[in-house]
Amino acid sequence: MGSFKGHALPGSILLVSGVWWAVKYSLWYAIRRNKSAGAARLTTRATQHRLEIIEGAMMLFFAAVGMLGEQFTADGPKLHLYDSSTQHWEKLMNWQHTTIYLFFGLAGATSLTVHSTSAAPLALDRLLLGLAFFNEGFIFLYHLHGREMLDVHVHMLLLYAVFGGALVCLLEVFHRGNVLLELLRAALSLLQGSWFWQIAFVLYPPSEVKWDQSDHNNAMFITMCYSWHLAFALAVVAVAHTTVLCIVRSKLRRIPPMEMGLLKPQEREGDSEDEGL
Amino acid sequence: MGSFKGHALPGSILLVSGVWWAVKYSLWYAIRRNKSAGAARLTTRATQHRLEIIEGAMMLFFAAVGMLGEQFTADGPKLHLYDSSTQHWEKLMNWQHTTIYLFFGLAGATSLTVHSTSAAPLALDRLLLGLAFFNEGFIFLYHLHGREMLDVHVHMLLLYAVFGGALVCLLEVFHRGNVLLELLRAALSLLQGSWFWQIAFVLYPPSEVKWDQSDHNNAMFITMCYSWHLAFALAVVAVAHTTVLCIVRSKLRRIPPMEMGLLKPQEREGDSEDEGL
Amino acid sequence: MGSFKGHALPGSILLVSGVWWAVKYSLWYAIRRNKSAGAARLTTRATQHRLEIIEGAMMLFFAAVGMLGEQFTADGPKLHLYDSSTQHWEKLMNWQHTTIYLFFGLAGATSLTVHSTSAAPLALDRLLLGLAFFNEGFIFLYHLHGREMLDVHVHMLLLYAVFGGALVCLLEVFHRGNVLLELLRAALSLLQGSWFWQIAFVLYPPSEVKWDQSDHNNAMFITMCYSWHLAFALAVVAVAHTTVLCIVRSKLRRIPPMEMGLLKPQEREGDSEDEGL
Amino acid sequence: MGSFKGHALPGSILLVSGVWWAVKYSLWYAIRRNKSAGAARLTTRATQHRLEIIEGAMMLFFAAVGMLGEQFTADGPKLHLYDSSTQHWEKLMNWQHTTIYLFFGLAGATSLTVHSTSAAPLALDRLLLGLAFFNEGFIFLYHLHGREMLDVHVHMLLLYAVFGGALVCLLEVFHRGNVLLELLRAALSLLQGSWFWQIAFVLYPPSEVKWDQSDHNNAMFITMCYSWHLAFALAVVAVAHTTVLCIVRSKLRRIPPMEMGLLKPQEREGDSEDEGL
């Protein structure tokens, strides 16, 4: 969309996804870890299963909204791709954003199918999510021709989070249920979301003062700022994880003794197997 | 060959391969999954084994046809490599395409050998197929010097599918029989095939209207178009997979109950082991 | 800081870390290997556990010192980021170095938390350490605009050790307790440390003779010199490893017979499992 | 050395290594596969063990010869590194080659130590070999400044084999005894060796006709030629592998029946475990 709102909207969705993932996977982890203490009664497999289906449906819904929004807002192409009279492509930017939403829609539909039928292998949802992130990065990569230095730079930085997310999803295909990868995905999603907001403020500042798009000092500050966003994303995930663990424990009325810090082998194995799913 | 037919022919072969792989691996997967329901009677190990040999022979045959076609068509080099009178290399493009076919021939011959004798480890067929894809990408990478912008761009995009295919084959060496990797390979093969057709239409359009090879908007459209080809390839694989599963199930007269969606651990392990081979 | 001391200080910390890691992991390895000979009485799990906590606390402490040093030395920005009167960023270099230290601080705090409570999965300490190395490399990568050729070159070479360290940490998330990865991390840390000293001598030579920053021969020598630093780092790790093994053996009064060189399978498995932790 | 001999000599050593590795690993593989048929009586563990020690010693010896050759031939630097009168580095090329040999010497010494004592984990030999290949590629990468186009191109192509070898060694650290990786390493070593000979013929042709170093057609031919070298290397490995397997079988007077082609699971597992070592 090339506007403040066009960056803030996907940013907000990604921020919510990130927090949601951090909470969900921390919860599953806490339940797996405290299984012997009766954590299973907090949630059933059927509940977890239903949550996955709802998540897939939400992703499909928001992707459809995004696609329709890109096409039918005031300055959208309204499904016209080529104007043969002037021999020009119509509003390629909107079409590219539509394509990005399309792949997230596919990922949502796949997740829905995988978890509601037995037709496909379980890891397919992560593979499609990984492809959706990869496609997003791919489109952005060839999307920046002829823009100003700072504009290109902030979008390039975004690619670290996007391709990082794709890589984590691919690793999850082989290491499903590894809580570290799941939380890393949540953190990268938060990073991407907050960075979309940052881009909105840099390129379309609501105040009068504009950023000098060709000042090298601005680029250096923005690079460092990206690291701060990552630190912030890690902090949010850490807070969410700790809160969930505390709540689960208080519900179980079981304060683990100090020597629990030294994990027993079978408990460590639990980190990399999604037994709860 | 540098002509419409020279791109359409390999494209067609790749499209057929892609569909064939999607069907074959979906079938093996369905049989593994429904083993307890007597799916084994639908096919025997000997049949599967024979299919692999036929596949290897077909690959070898088409590679040989491709090599001969590149060499002995009207404008081929007819096995002359160097013209010492003019001190020039003869038709290097045809020689490069011959080299690409050569490696697919090697992969076919290897697959034939691996499955008909016990001389070599099983995973060798994937390693050679991966090398064949890698070699294709390698040749294309150093093949584009001095061409026009759009020509270079459409061939660069092809490399994503080619190197992606090589990477998937390499992963299959270590995770043989993982149905996700097999279907991903099928999808990337379809993508490559349909993209060859797209290149044919872009560079040698059958209609009167030529593409402006240096218009940046065309490059941006083509990039997005590549994503659509990927979405199309994924859809074809999904349709093939679903159709095969439905047929196998109707043959077994066994409609799995709804709670099957929640896979039991031992069934999930079945995803990453090629027990049927 | 852009001074001799500003490079020598982190270099020294990294050198000490490298030696410390080489000794620590060699010791754990020797104890695992000689378990049957009663090596367990040399150290208890509680001791190992306490050491990890101290290590995390030290990392946090030095990161805090580094951050304060960058901010509050004579030419530091003293927490001012933006001078709105001149519309300029304040001392971005110091802020960037502060950011690098911040992530090592986070890694230290994480390690402290992981080993003193049971709230988080064990591999989280390596993931955060990997992120800290990655962030360091990321900042350096966008940090070199407009400097002289040799200055850029010595910092680029540094990135090999930095990103190598990040990669090793990521591998350790999945292969925890693999002594080869641990020693490789020690070696890369030593390489980074000694290279910081090298940079200090090249860019801020204490003698009168300055290096010609644009002479290509200097760049070629420096490249080779980097290889020598790596060889030196490997030698230091080898010496530390051998010394530790000899001391442990002499303490156990047990000279292993010659045929021990041919490891039995169960002893080899011990290489990739951190049973002692 | 920058001469015909300076490229032909390492090329020959690499060719011999490649053939040797193809034979050795095929032999180990054949013995593992035919264990039940009494293949163990063909060789003992002690023999295998002794071979590894000899191999390490040979590598150390040739590396020492290479280092001395680079330093003390007629135009060598004779251990002088810096001429302080003219303020110039002495013969940096020879020093760089010496550094490459140094790392292969370290790898040889490590292999010797690992297999003759029990001080270090077994996989260390592959890690050091991988580092030696990596260091070779690293030096070559920063070694080509200011040369002619074809000269740069043939050396860049070499890097595929060099970094490929490094990657395979790193994979072997985690998948020790996987015969495919071992044979791939042999093939890449052959490729590197034969390519050194090709470089010698291209840059220092013994005949009168020189190659035009800036003709793009030459670069295109050379690229394709590299693929042919790879095909040749694969063929050599295949021939060596088949010959060794036939000899072992004829010695065992045991022709495996046709249905052996369909490997049983436990035989397949044998591919990725180095039980014979």
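Which chain is which? They are A, B, C and D, in the order written, and residues in each are numbered from 1.
Heads up, the rule we're going with is that contacts are C-beta pairs under 8 Å (C-beta built on N, C-alpha and C of every residue); 3 or more make two chains touch, one makes a residue touch a chain.
This is a predicted model, so every value here is computed, not measured.
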Statement: In contact with chain B as well as chain D, sorted by label, we have none
Query: Going by the average position of its CA atoms, which chain sits the greatest distance from chain C?
result: B
Task: Count the residue numbers both chain A and chain C use at their shared interface, divide by all numbers used there, and answer same if that is over half, different if under half.
output: different
Field: Approximate Å spacing (C-alpha centroids) for the pair chain A, chain D
entry: 44
Chain A and chain B, separation of their C-alpha mean positions in angstrom: 31
Statement: chain C touches at least 2 other chains through residues none
Chains that touch, pairwise: A-B, A-C, B-D, C-D
- request: Over in the complex, which chain A residues touch chain C? Could you list them?
  value: 29, 160, 175, 179-180, 184, 216-221, 223-224, 226-228, 230-231, 234, 241-242, 245, 256, 260-263, 265, 268, 271
Message: Under the stated contact criterion, what part of chain A meets chain B in this complex?
response: 45, 49, 88-89, 92, 95-96, 99, 102-103, 106, 115-124, 127-128, 131, 135, 138-139, 142-143, 145-146, 173-174, 275
